[in-house]
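Two complexes come next, and they have one chain in common, chain A, joined by chain B in the first and chain C in the second.
This part shows the complex of A and B:
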């Protein structure tokens, strides 16, 4: 078990390094000259060359890549933003908690609402509860998130004037981004849960549980759900990683100063150090979350855990004999 | 002798597209304490449905069920819970009928906890006792069902069914998913347990040699109806209903000098959806006449031997 975790962590390091090289290469070849953006359209050729030299982007590709990798992974220095003149690391440190909180709350809301909806739909298969959940899911999965977000702004901020449409400061700023981001997620999780539960609703061991005299509510929550929810859990885990990287649109619409907005502004202004920093951090988060999801399988599904346990006891026995 | 379980005109109909499916139609049987009744018939004749109705896993449409003379046809939640302690079922498929997330110990323990009959310390003893009784090795207690073979899984199913000392167990083809050597082990296990605790069994199967081995009497079903009922040996010597004759002749004989005379059936199985009154077997029966269009009644032909055929006397030259 420990060996597996270490192996995966080692792989995670390689994933991050690969992501770093990839984003560096992509940004190198993308058209657009940061020097021109910094100095504006009236800059002279000499000034441009000067700025390029300062930024170090006049050096050959491999030299730039080498110094970037050296600074990032040996000195742990992600550099300074070319526009804000603040450290990228500091900027990330300030924004990550906000984005993380946003993603976390939206996943919690999605699961707390979506999973019971899906279970309810499956246990009332083909009745009105089921049809209601399906229609809800269909509507909010088909409608683009940003459009829902704009409608929410019009309704809650402009008409009712009860929730702020941008910025950060109070808990109210979190409500609309979470709500508009979670609706599609709720639909998705509800649909997914429904189909997973439907698979076990008619399983023989459910009849066995009823024959034992288990109460109907317990049949659902103790016999059906633990078996049905394993794939749902993976889905929640992966959608969490999507949240960390994928709130760019939400943060842009609500001017929410998180990692997503940081990244999208940096892309617009060719702020290479910020772009690289954001991508590396998002890649690291994703890799570690996936590792956690994989590890959680063992605790959710005893069949997987049993494999680990058996292996370790076998090894222990062999040692004892020797 | 008093009957442990008894049904009177039990019916189970299902609404399906195209009409009403008569899965169990007018079945009246009674089983005495410590006896085994074998229910045989081809696939889809309603024998499993009958078993499921008897233990309230299906709610019957009409008719009555008695347990120890007490009417248990309609039960509320609490009564149903008490009923489950007395009437249990062993399922056909030992692979899918055990929750893959529960260990052997947990599967057997759950009904004990639910009954609240045992104290904490007694639970472990009772689980051990059940595992010993059903021949599950103690070291397997913390295993999950998928790690075990079919025979062992069916032993778990039996241990679970026995856990609260039921009086009556429906065995719904408990050995059809197992290979022959393990079939014998499981059958002998059931018979041993029956001997020890005077358990009453209903044995649903389509395997005639199994029924002969285990049951005291046999009930032959065809399209939801009981067509013949008799003590086991009597039925193997002397079949009255044309369907039973055909069924029995289908058992392969190992005597090459005296091969059994096959009664071949022609025609298709009549649909169990909206069946016409009258004999349901008449379309495939070589003896069928217009008399078979009339509704049939189950009559006692010789003592203890019942048959649902208005022409039984002519067919068997009994008069």
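This part shows the complex of A and C:
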């Protein structure tokens, strides 16, 4: 098990470093001279050379890449925003909690509503509850998030005037972005849960339990759900990777100053240090979360844990024999 | 199956009801409907604000009105708070970053002086003299200027600020300033390389002055120490900037204040709302009191609303069409350039692209520029008035053979709409074009590549003077090649512009000569000067705008609600 954990950890580090190299290389080859972007077209050749030297972009590619990797992963310095003149790391630290809260609550709401809906649909297969859930899921999976968000703004902010349409002033500011972000997810998770539960509804052990006269409630909660929800929980765990990088559209619509808006503004203004910083943070967050999800498999699903143990034992035996 | 259909029908009905609730009761009209906003709201009061204008309350008082004049003529009460939506986050409070274009930072720091309608009006500078030969300027500061830290601003701070501005922002004065030195605690001397030219004084006043001590002790990117009437009390990046009125503001004599340096509101909250639709909604639901950047579609609502005033003022930017005059391009043929200019209808662009909100230009600069001859507005032919027949005649004199010309434009919706219309207008006279849409961040680089385009559509600024617009376009000082912005390589043009921009030579006759040269050679066609709109609450009695046409909440005046 420990060997597996170490392997996965190494893989995660490799993914983060690869993402950093990739984003640096892509940004390096993007057309446009950063010095000209910063100074404008009226800058003299001397001014441009001066700024290029200040930014360190007059050095060879490999030197720049080495410096970038050293600063990012050894000194934890992602550089300074070209247009804000503030630390990218500081800017990220300020925004990550907001974005994480937005994404996290959105996914929690999705799970809290979507999973029971899916279970309910499956246990009432082909009845009106099932069809209702399917219809709901179809509608909200079909309409784009931004459209739902705009509809909510018009209805709750403009017509009823009970919720703010922008900013981060109070808890009320989070309601509409979370609701808008969660609706499509609720439909998706409900459908997925439904199909997972339906797979075990007709399993032999469920039929056996029923034949033994076990109460239906007990059949559902003690026999059916623990098995059916393993893939669902995995799915929910994976969706947490969207906490940081998956809220760009919502942040833009609700003028919510999080990582997504920081990134999209940086892209518009070609603020390379901010773009690189955001991409690395999103990649690192996603890779680490995927690692945690993978590792949690062993604890959630006894079959996978047994597989790890079996593999370790086999290798141990071979070693002993040798 | 029957139930399933019912459920689907029910869902659809619910969606329709929600949509109905969401859209019912709106007062908005379509963008094409007639609106009289520009005639009613673009009027600007000159220095003397008259009682009649004050009574209507729908006036722009402008920053040229002194504090005393406002106090005497406009109904005004001290407001406790105003919430104002801005498009951009100030992001950086450093006084030497590019603060001139950021609405949030207008009036926060202060320069030596303002140039208002061509006149120098002191801010930190009490007085100044320029030697007869135009080579030396002696200035004197008020001796009681203090910043929010209590530091007294001296001439050495002015010199420090100028040096920092040159080093950090490249403010562009080194080209004509030979020496900048403090000659006493509150006096300084600037020595010029050549006699002072029109527009250079404007440049001298466009950088902020701060205390050297404060700059070394504070990280002014985030912890600014200004001399202006407000101090920063709260900043949440990307969301909110809050200013509070200073109790210890150094200038207590309102007769010496221009409107933008007044503090008629105790607290100003600048909310960053990048989306125009969101700003409109925030205005409608009362989350904010005032806003800029309202789309043409939303203007009629605010124009008719009793809760808001809508002000339209001419933008400092004009929509221009620049032909590439490099010898390797088809547009190096002056007759082709003339044909293109005659084929384009400025009126059509104004109506189609700007919904009629603006005015057509009859010159490279709009008619409000200092030095502009009002007679030019009435010329019927001189400035390439739309005439497709004439365009065809000129086209017949060229060797143009149906090749596609490249129109370079950035991806802003307004500019791409203009490009599409120009494409269609040129097609009507037989000139084929294709539109090359480029990212705004790199378009200036593409523009500098003379092989990449034939026609360039852009928004160009006119700051104060007519000559500035011509100079900015024609001079080789602003390019990395030995010619003007559109690769027009004529030493005669350079000599002409260098001579006529000197104060002594800046006469109407010389301006006419230069303008004729510009028109004869068809170097650029300025098409439209759009209006920019500010929505303010109905309890506003006078709107103060900065030089960059930004709404200045502290300088505006208010009444009780």
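The rule we apply is simple: the second predicted complex is superposed on the first by the 297 of 322 C-alpha atoms of A that agree within 3 Å, B and C clash if a C-alpha of one lies under 4 Å from a C-alpha of the other, contacts with A are read in each partner's own complex, and residues count from 1 in each chain.
Note that a residue touches a chain if its C-beta (ideal position, glycine included) is under 8 Å from a C-beta of that chain, and two chains touch if they have at least 3 such contacts.
Since we're looking at a predicted model, the values are computed, not measured.
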Chain B and chain C placed together on chain A: clash or fit? fit
>> Output check: A:204 vs chain B and chain C. Expected answer is one of first, second, both, neither. What do you get?
In response: first
Contacts of A:262 with chain B and chain C, given as first, second, both or neither: second
Taking the superposition on A as described, I'd like to know which of chain B and chain C A:301 touches: first, second, both or neither. first
* Asked: With the two structures laid over each other on chain A, which partner does A:226 touch: chain B (first), chain C (second), both, or neither?
  -> first
Q.
Contact-wise, after the overlay, does A:212 reach chain B, chain C, both or neither (first, second, both, neither)?
A. first
Vertex chain A, Cα centroids of chain B and chain C as endpoints: angle rounded to a multiple of 10 degrees is 150
Per residue count on chain A, the busier partner among chain B and chain C is C
Query = Is A:60 contacted by the first partner chain B, the second partner chain C, both or neither?
reply = neither
In whole Å, chain B and chain C in the superposition are separated at their closest C-alpha atoms by 15
Listed in rising order, the residues of chain A that touch chain B in the complex are 203-205, 207-215, 223, 226-227, 301-303, 306
Seen from chain C, its contact residues with chain A in the complex are 3-4, 7-8, 11, 15, 18-19, 21-23, 25, 89, 91-92, 94, 97, 170, 172, 221-222, 236-240, 271-275, 277-278, 281-282, 284-287, 439, 441-442, 444-445, 447-448, 478-480
Touching chain C in the complex, chain A uses residues 31-33, 36-37, 39-45, 47, 81, 83-86, 91, 94-95, 128, 131-132, 135-136, 139, 150-151, 153-155, 157-159, 161, 164-169, 252-255, 257, 261-262, 265, 268-270
Given the complex, residues on chain B that touch chain A span 55, 57, 77, 80-81, 84-85, 88-89, 91, 93, 96-101, 103, 110-111, 114-115, 144, 146-147, 157, 160-161
